[in-house]
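Note that chain A is present in both complexes that follow, paired respectively with chain B and with chain C.
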Partner chain A sequence: MSRSYLFIPGNTPSMIQNLDVFESDSVIIDFEDSVISYDKDAARILINNFLKKFSFKEFDIYIRINDSLNPNFLKDVQATIDLDITGYVLPKAGLEAIEELNKHIDNKLIIPIIESPLALLKAEDIAQSNNVSGLLLGAEDYTKELGINRTLNGTEILYARSYIAIICNAYGIESIDTPYTNKDDEIGLREDSINAKNLGFTAKALIHPNQVDIVNDVFSPSTEEIFQAKRIIKKSEESNKGAFSLDGKMIDLPIIEKAKKVLEKAKKYNL
Partner chain B sequence: MSNLNKRKIKVIKSIDELFKLIDINDFTNISFHHHLRNGDGVINYVLDKYLREGVNNLNLFPSSIFPSYTKILELIKNEQVNNITTNYLNGPVAEYISNNGLPGMLTMQTHGGRARATIEGINEIDITFIAAPYANIYGDAIGYLGKNRCGSLGYIIPDSKHAKLKVLVTDNLVKDYLENPEINGENIDYILEVDSIGDKSGIVSGTTQITTNPIGVKIAKNTSRLLFELGLIKPGFSFQSGAGGVSLRATKDLKDIMIKENIKASFFSGGITKYHVEMLEMGLVEKLYDVQCFDLEAVDSLSKNINHIPISASDYANPNNPNQVIKDLDMVILGATEIDYNFNVNVTTDSHQTLIGGSGGHSDTATESKVSVIVSPLIKGRIPVIKERVTTITTLGKNIDCFVTERGIAINPLRTDLLELLKDSKLKIYTIKELSEIAHKYTKVPKESLKRDKIIGEVVDRTFEVIDNIYQK
Partner chain C sequence: MKTTAGSLESSDCLITISDSDALDIKIESVVFKQFGDDILEVITNTLKEHKIDKLKVLCQDKGALDYTIKSRLETAILRRGENNE
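Let's look at the complex of A and B:
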């Protein structure tokens, strides 16, 4: 369970050295788009050495490897399979690609990136694949394949967002929204994050460390939500009934389960 | 008000004309201010005359030295300069002195210490040349009007009263009455009217922008959290920050807290930027006490906002001045090139002993404020900022209270009161040695390669105590 997934280029020592500084719940070390082809080897060597020397318990580490049709795919997996990481982020994900990755890994999670119309159509099957712990919407490639432009209000990805959020919630996995690419627009980032949260996303991917605070804030339960959740759980324990009334509103099992989730998040993030 | 009873000052039209009236060889202890920073044209104009005349045994007292002050380097190379007393220097002059020293000594004072030394006659100044963006024929002057306005003239006000001869240098001479002039014409001996005193755009430093570097942002966030948890951000608090990107980011974070908590500060002091001005205009702070403007927005604010007040270096930080503004400071945020296990801070030299700055108001404000906070990345360019002993002490560790990095915070063990306040804090609090060990996990312990053979200068605190020597590289 993470609120923020921060991408960090795998070939930048000054960023790698500080990956525990930025307070992101998860860090995605990138071997794909942010690393130019002639630097992929260097990134693998750097990360292998770094993560063998330093281990981190306060946050999860994922590695975005190159896609399964890329010649770097296997090299990326082999260079990192023995490292203490939570899992892999798989670009251009499809059922075959996930199957291929599963052949090489053990005890590692997979977060497929849904970044094509076909992947979106297959998202329900992808969500049920082995080791898949969440889906990440890759809106830039998705809209590129559709041949449409991105807009500030994100109308063009509304369906994809809604669909992914529904599927992830249906199968109990993480739903991770696409990054907000204007790193200097704090107001836009907050609005975009709130929109994603309101559609059912549990987290958001980030492309810059300065975005972490806002995203963590939006995806954290508010003080009021925590207060209300505590009241619901207390009343539930006291009444010992499946359904009861609180402040004139009916409280039943789904609401009690939701309150438990809120408190679980609050505990995890020390809120 | 009028100019009745005011004495007209003799106006001269060139430096050559001035030295026809007085013997240049009688005026070898020379002072300047640096308010125009890299845009200053007066220092080079005046010193070119000393160069041409071949005057020797010069002792220079510029409040700071910037890269554009090229005539100083020419005079040094020409062996015409004995001693330099200043508060800050960087660029070619600093590099040359680091490598070669001076025939005499480099004396690094603080801003408050310079004011005190000038007033008390320790700095024996024969002649001061005061670049004045706006002056009248009675010798009154201000810095915040005129085509080359630079803002406050705070650092030169003690010189304008205590130098043996005072020369106002202006490119904007008027006949009008000047209300509340910074430089009082009663003290002025000559007005030197020139075509240009420099270029006002040169006052803007590249560092006076809020940082967006994620490490700097994290340090700033830790700083504002620390100040908040210490209970310092409360109605009527007072504050000073440097003009570095991290300090300004911390100021912005402070602003956000003030808005959220509906808190208004009493005053900000020191070097003023557009960010401080914005907070004044938003009503978040009552007054700005300005000894130096760091950008043109601050300069313009001085001319139109009565709560933005220019002050002299003595009123700012002279320890013997009972009205010094900084004695009422609640907190100050300052930078560091190095800090050591005893919390001594260096902002004078780099780790290779090259002069890169100086105290300015660092030691003054750290000494006087209730809480002094040093902000710095734990590792700079693969070198840990914490050392067993700093290369050069600029500010004594006993005056430093908190050291904030991206990875955690160290509190000076002398401040048991602060440690008590933070005992239940969620902030990561370490000892300074623990922070150092965290850095060494990444960098190992760097090998020292300092030369301590020849002393070329000394760091003099505002108390006049020599707190460290500066060695030739």
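Let's look at the complex of A and C:
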């Protein structure tokens, strides 16, 4: 369970050596778009040496490898398979790509990036694939394939967002929203994060450390939510009934389960 | 033939290697006085791990940590091998 997934370029020592100060719940070390072809080997060697020297328990580490049709795919996996990482973020994901990755990994999670109309159509099957722990919407490539422009209010990705959030919640996996690409627009980031949360997303991917605080804040339960959740659980334990009334509102199992999730999240993040 | 890896950005180093009849290591670093010996140790140990005893190495350091220096040298060695294939 993470609220924030921060992308870090895989071949930039100044960023890599500060992984533990960004306070993101998860970091995604990137071997794909932020590393030029010539330096893919350098990134693999740098991360291999870095993660053999240091281990981190305070946050999860994922590696975004190159896609399964890229010649670097297998090299990326082989260079990192023995490292203490939580899993892989798989770009241009489809069922075959996930199957291919699963041939090479053991005890590692997979977060496929849904970044094409076809992947969106297959998202329900992708969500049920082995080792898949969440889906990440990659809106830049998704809209590029649709031949449409991104807008600030995100209307063009509303369907994709809604569909991914529903699927992830249906199958009990993480739903990770696409990054907000304007790293200097804090108001826009907060609004975009709230919109995603209101659609059912559990987390958001980030492209800059400056975005961590806002995203963690938005995807954390509020003080009011925690207070209400505690009251619901307390009343539930006292009443010993499947359904009961609180402040004139009917409380039943789904609301009790939701309250438990809120408290679970609050406990994890010391709220 | 020269082979390079790394960069001159902060916290990184640029390693340049080329053929030589002996081990020839040159270090340029803004923190040479404080860490010159440590950088040399990382380079010599990495070369030993790769069983290399004849090579010219230039390390232009911009405050790289030990695993970064080791990584850049290993990348240069890998690229040299690929170029010689």
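Definition applied: the second predicted complex is superposed on the first by the 271 of 271 C-alpha atoms of A that agree within 3 Å, B and C clash if a C-alpha of one lies under 4 Å from a C-alpha of the other, contacts with A are read in each partner's own complex, and residues count from 1 in each chain.
As a working rule, a contact is a pair of C-beta atoms (placed from the backbone, for glycine too) under 8 Å apart; a residue touches a chain by one contact, two chains touch by 3 or more.
For clarity, every value in this text was computed on a predicted model and none was experimentally measured.
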{"item": "A:Ser37 touches, of chain B and chain C: first, second, both or neither?", "value": "neither"}
{"item": "Partner chain in contact with A:Ser222 - chain B first, chain C second, else both or neither", "value": "neither"}
{"item": "Contacts of A:Asn198 with chain B and chain C, given as first, second, both or neither", "value": "neither"}
{"item": "Which of chain B and chain C A:Val21 touches, first, second, both or neither", "value": "first"}
{"item": "Partner chain in contact with A:Asn153 - chain B first, chain C second, else both or neither", "value": "neither"}
{"item": "On chain A, positions contacted by chain B and by chain C", "value": "17"}
{"item": "Of all residues in chain B, those that touch chain A in their complex", "value": "212, 214-215, 217-218, 221, 379, 406-407, 426, 441-442"}
{"item": "In the complex with chain C, residue positions of chain A that touch it", "value": "12-14, 17, 41-42, 45-46, 48-50, 52-53"}
{"item": "Residue ranges of chain C touching chain A (in the complex, touch as defined)", "value": "5-6, 9-12, 64-65, 67-68, 70-72, 74-75, 78-79"}
{"item": "Residue numbers on chain A that touch chain B, as the complex places them", "value": "17-18, 21-23, 54, 184, 208-210, 213, 270"}
